[in-house]
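Labels run A, B, C and D following the written order; every chain starts at residue 1.
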Amino acid sequence: MTTIPLVDLLSLSGALFALGLFGVLTRRNFILILISVEVIMNAAILNFVAFSLFSPGPAAGGIPGQSIAVILIGLAATEVAVGLAIVLALNRLRGTLNVAEAIQLKL
Amino acid sequence: MPWLSALLAISLVGAFVTFLTGRYARWAALGVSLATLVTVLAIMMEFQPSVNVNGPGYCQQGGFQFCELHTWFTYAAPGGGFSVDYLVGIDGISLPLILLSAIVTIAAVVYHWEEKKDPHGFFGLMLLTNAGCIGVFVSLDVLLFFVFWEIVLIPMFFLIGHWGGPRRHYAALKFFVYTHVASVTMFVALLAMVFLGDWHSFDFVNTFGRQSQDAYLNPIVQALLFGSLLFGFGVKLPMVPFHTWLPDAHVEAPTGGSVLLAGILLKLGGYGLLRLASPLLPTGRELLTPVMLFLAFASIVWGAYLSLAQRDLKRVVAYSSINHMGIVLLAIALWTQLGVMAAVLLMFAHGLVSALLFMVSGSMHHTFGTRDIPSVGGLTARTPVLSTMLMIGSLASLGLPALVSFPAEFSAFLAAWNGLGYWVLLPLMALVVTAAFYLWMLQRLAFGPPKGIPEKAHDLSFPEVMGMSLLVGLIVLYGILPFLIEQVIPVSALFSVACSAGPLHNGLIGGACTSFQW
Amino acid sequence: MGLWIAVTEASASQLYHDASFVWLGLPDGTNFVMGTLVSPLGALMLVVVNVVGFLVVLYSNEYMAHEEGLPRYYAELMLFLSAMNGLVLADNYLEFILMWELVGLCSYLLIGFFWKKPSAASAAKKAFIVTRVGDVLFFLGVFILFSSLGDLSSATPATAYAGTTCPGGVLHWSCLGFTFTPPNTNSSVPFLPANAAIEASNFGGSSWLPTLAGLLILGGAAGKSAQFPLHTWLPDAMEGPTTVSALIHAATMVAAGIYLLAITDIYFGFTLTAAIVIVGIGGFTSLFAGTMGIVAPDIKRVIAYSTISQLGYMAMAVGAAAVISDLTPTYSLVNGTPVLNTFTGVAMFHLFSHAFFKALLFLTAGAVIHAVGTQDLFQMGGLRKRMPITSITMLVGALALSGIPPFSGFFSKDDLLSLTWQAATLESTQNGSPLLYVFFALALMAVFITALYIFRLWFLAFSGDRSRGEAPAASHGAPAPAAPTSAPFASSTSSSSSSSHAHDAPAAALPLASSTSSSAPSASGAHDGGHAGGHDPSWIMTVPLVVLATLAVAAGFLPLIPGVGHLLPGLSWTVLGKCVTNCGAGSSFDLTDALLGSASLAFAGLGILTAYAFWGNGKVYRLPKDSPLLGVHSVLLHKYYFDELYDGLATHVILGLARGADWVDRYIIDGTIRGIEELFSQASKSGRRLQTGIVSSYAAWVVVGLLAFLVFFLYVVPWLVGGFHLPPTPGL
Amino acid sequence: MSVDAATLAFLLVGIAAFLAGALALLSREIVHTVIYIGGFFASLGVVYFLLSAPFLGLLQLAVYAGAVTILLMFAVMVIKRRIFAREAVLGIKAPTFILALLVGAVLLDLAQRVPAYASAPACPASDPYCVSLLAQNLFLDNGGWLLLLGFVMLSALAGAVHLAREWRTPAVRKIRED
């Protein structure tokens, strides 16, 4: 039971999504893109939690959404790890973090 | 005993196993293809050619045997919904073609015994093609049919694209895109048929005999659907003017690919017309019969004439395939019992004969480094066995009696005479041209003083001889005793025809389907 | 074996019909059946096939001994014999066609036996294709019969055609192929208005359909029996070994066409037009081919033209028999049922005798070729002394061919002419048409021509004192026909044989043994010293010659053998024969027959004398340089330019069409496809610029898509549908 | 319209989160970016606390604000290079920026249109923050899937380790020479 309106939650989520999107689209630095993706991920997680909180059903306290959120957080962490590994490899092999220079489907 | 599932499982699993066997691939392939053939033979022994079938009810409607039905998934909806099933079964139309697949595959595997380039992939893909074809032939469900239909395309694409000749990439892509456009058209038409026809199921067995009772689909829709299906199957057949992928594909394909392509794949088109398009859309068929006849004549004449103008042996055989499949289309378009029987028999015959001829072309390329007819000659002097095979193949293809094409072509032309009268002169005259181009080819290739034969030219290797001998033996066997394969066809042919006599049909047995109790 | 069957048949005086089995069957009752049937005509054919076959095989043992590929030769020969026997024993048209094509195949293979020679390969192909044209017509004819008259099998003959019946349970040969069950209603042949012809009922009232069927079957027979205008393949077929020419292209296979006409005779008996056409083609061919024989320089080709000519006679006889059956049908009782009388025996009689003397002629020619190593008549000469047996046996053959009594040709030819006369008379009295008289006149002229060319051959080869080999007889003003080599269907035509005699420069003459012998099987060099060493062959080759010579005489007396009469239906042994058989019995002597016999004898004698005048005693007649006949000579030497016509047709018309079609296929049909492909390819090239490889731009496009999707479903669709609604409570 | 304390707090934290994110993406120095993003993660963790999901909040703080941020920081350090986000503010390209703005606008509009759904039942008194319910849902009800996912992620991590280590294969050397 929460008193925060759904609209606010969704608005925050939408704003964060747009922010992340903005980052993904405009940044050329690989790490920044990775960070932008994380922002988008967080927006999505927030959406899960929010909708789950506002769904009347047998499950109290928006449990399904929270479950998904937990999994997604784990997933995001893994994703960051893999992304950073790619960043390192890219940096080592190409000497750059600029995605505009990594335009082939190989390192 | 679920024979057909066993057959499918053997061929499919066998194909995938062959991929993994590395350098033992050829043994695996031989084993799998033999197992397939044995299963087919067992099925043939169980098959009852003419008596009533005590099958389960879901299958009796179409006169099919060895039926198996498992619901795959269902979709319930207020309008009735539908179900998609795993429904397989065979009748006299599909059985010869299944046998043909098994035989041609074995012959191709044996022929390619010495294949050096990635044999596991090569044999695996060949077996997969075979499995797909068998799947098409046994499917009695539209979706299942389409799934197998698409399965066939992919291995053939790779066979041409990886093991083919110099322009293989172009040819493979052309083959794939061309036939795929056709299959998409066909698929859309099939779905439209299912949903507009209010089938509530993708099984077409249970739709047999229902359409002739009108109120099914209005004529215009039927004609449109039939036209789409005719295009879809016609490309595969191939019929003029949608045939140009065939010469390119054949010329570039490896021998085994050509063998399968001509031996089995072309039959899919004819089988589709026989099994799906013609019986299920009777009115559409009748409306479009003139178109079919015209295209058939065009294919026959065009194929024959173009063979005459070719220099590449494989192109000659490819165009003669167009000619022969034109006769098949003609026989189907007549849609009489004799015509359907002739079509099936002709497909069977053409499968064996063209496979042999493509093997000969492959060996010729292998031995002489060229397939250009004018640049070599007098093969009989240095390579008598190759020359003999070429001669047998050519004679069989031009319809010499005592070889397998003759009874088929004779029936087809007789059916054409019965249905068309003097128009039959056109294809008959093409028969003369066919004879002319084969004999001219023989004169230039097999006879005359030796010419353009390299020093190291050697005659056929043992596996090549074995692969060809298998086909030659069957060509002669079924030529002399055609009833061995033919006797399974007529009842099914009659059933197909009788159950789909449309309202315009004024034939002898029109409308007999309702009294057809199995 | 064949002989045994024939003898059994002859003695049993009955038809043997084996149980047949269904070869292809349909539930609607359409069955293609295979079975065996021994009929009178078939028994006669069996005798011919197997006797000649045996002798030829014996002869081959020496003749072919020096050739490569003997196993192939004998295998093909045996295949031929079995197929030919099968053809004779066939009990329905389908089986007949099957065997018919098989003998055609053997002919093809054996003509091409010397496959290394381009001319042989070409001749083989030509033989196959030309007969194939006939076969196609034959197929169509059989289709018409099948769909009109029902079953192709004769297993259960029922009611007869036009009121007659086939003998119950036992087949009258002429009923072969017909079961007169109700016509197949499945047929949808477009019919013309009925002409009230009695037989038209089976054809749905069409009066011309039966005629057409008859003509189509005639087409098949014309292809196989080398009748005009499908005759061109037979002279070229001489590229094969001489033994093959003797067996296949003289005695048996080419006669199969006549045999086909004979067994279909009852059918022609109801189609007068077709019958008259047969008479016409036969009569014309007999003269037409004979004229070409007068100038041909190649010994085998002369005999080949003779074969065509004689086959023309037989065809004419079959046609005449049919005309008579048609105009004055008579019936006789067989086992209590009336059977239409036919006169096919006349043609079969000539076939029978012809088989022997023509095989004899070929085999003697083979012996000559074997001995001298050339086929050019103008290089032979004076062989009579060196090859006495050969010369005498060939003389027997020549006399038989010319129709001099008591050799067999006289009886059979005479009978045949008499029958034609009868038919012509009937036709002119009943229908007022003198057409058949014209054909008869042609045939009578052919008697003269026949004697002329065959004795020209004999005189050129055997008479005189010495060979002309060293001094080529370049007497002919006509240039050698240009060999059309570029054409794909170039026939071997006359290049190989005629070039040798038509050298413009005499110096071009070559020593015999190595010259011009490209066609001779013995070219492989078993002959020491050319024809100077020419001598009679050993007994292996001589025995068949003597046996055949004996048969060439004896065959004429076949009808005298008691109990074989039924083998030759309708045969009345004319003139002498009638007198021998009937004079004593007090029957009237037929003046017409006597006149005819005398006339033909006179013509033949005239022909022999003419030949003697021109070519006797080793002379070689030369046309004067300014002779108006030179043009005629040239035309004849070029075989009326038929080869050129057909070659032109094949090369320029058909192949031209094919090339044109190929162009259309490559550039228009496939071009369209490639055009479509090009369209997509260009479109994708422009689309390719979007594929920068930069992640951000891809992402941007994804977002554009997402945005479009959102806008469409959130704003466009609601605007269309009239409102945007989310469910008040989400259904989880 | 009265705003209760929780909502007010949420609004503040939400604005803070947005600002932190924006600063992270717009800063010139990559180290600053990492610091800002840590703040962003943390403020979202606070949001979860406000939503009565303390477990999630803790997870967010530990994993995101803690681990991920430190991971990013390490990566920046390992690269051993001062990295400037050259595009910082001025590098914003109008089309993409407008695109992002549009998406944001649409999403915000959509959020306004979502009807006022009833909220889920409250957590039971015995478990005021539903933690045990969550545990049950995660580990008992969907434990198998979680395990499977865990393996997948583990293998992904292994892959990441493989990717990140120093390669000495000839192919790599060749690439570096290029």
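Here is the rule we use: contacts are C-beta pairs under 8 Å (C-beta built on N, C-alpha and C of every residue); 3 or more make two chains touch, one makes a residue touch a chain.
The shown structure was predicted, so the numbers you read here are calculated from the model rather than taken from an experiment.
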A-D against A-C, pair bridged by the larger set of C-beta contacts: A-D
Distance-to-centre winner among chains (Cα means, whole assembly as reference): B
Whole-Å gap between the CA centroids of chain A and chain D: 5
Centroid distance [mean C-alpha coordinates] between chain C and chain A, Å: 89
For chain B paired with chain D, centre-to-centre distance based on mean C-alpha positions, whole Å: 59
Distance between the centres, which are taken as Cα means, of chain D and chain C, whole angstrom: 93
Contacts with 2+ other chains: residues of chain D: 96, 99-100, 103, 110, 114, 117-118
Multi-chain contact sites of chain B, meaning residues that touch two or more partners: none
Of all residues in chain A, the ones touching two or more other chains: 21, 25-28, 55-57, 64
Interface residues, chain C side, partner chain D - complex: 696, 700, 703-704, 706-707, 710-711, 714, 724, 726, 728-730
Chain A-facing residues of chain C, complex: 692-696, 699-700, 703, 729-730, 732
Chain A residues within the chain C interface of the complex: 21, 24-28, 33, 51, 55-57, 64, 99-100, 102-104
Residue ranges of chain B touching chain C (in the complex, touch as defined): 50, 174, 177-178, 240-241, 243-245, 302, 305-306, 308-310, 336-338, 341, 378, 380-381, 395, 400-402, 406-407, 410-411, 413-414, 417-422, 424-425, 428-429, 431-433, 435-436, 439-440, 442-443, 446-450, 482-483, 486-487, 490-491, 493-494, 507-509
Touching residues (chain side chain D, partner chain A) in the complex: 4, 6-7, 10-11, 14, 17-18, 21-22, 24-25, 30, 33-34, 37, 40-41, 44, 47-48, 50-53, 55-56, 59-60, 63-64, 67-68, 71-72, 75-76, 78-79, 81, 83, 85-87, 91-93, 96-97, 99-101, 103-105, 107-108, 110-112, 114, 116-124, 129-130, 133-134, 137-138, 142, 146, 149-150, 153, 156-157, 159-164, 166-167, 172, 175-176
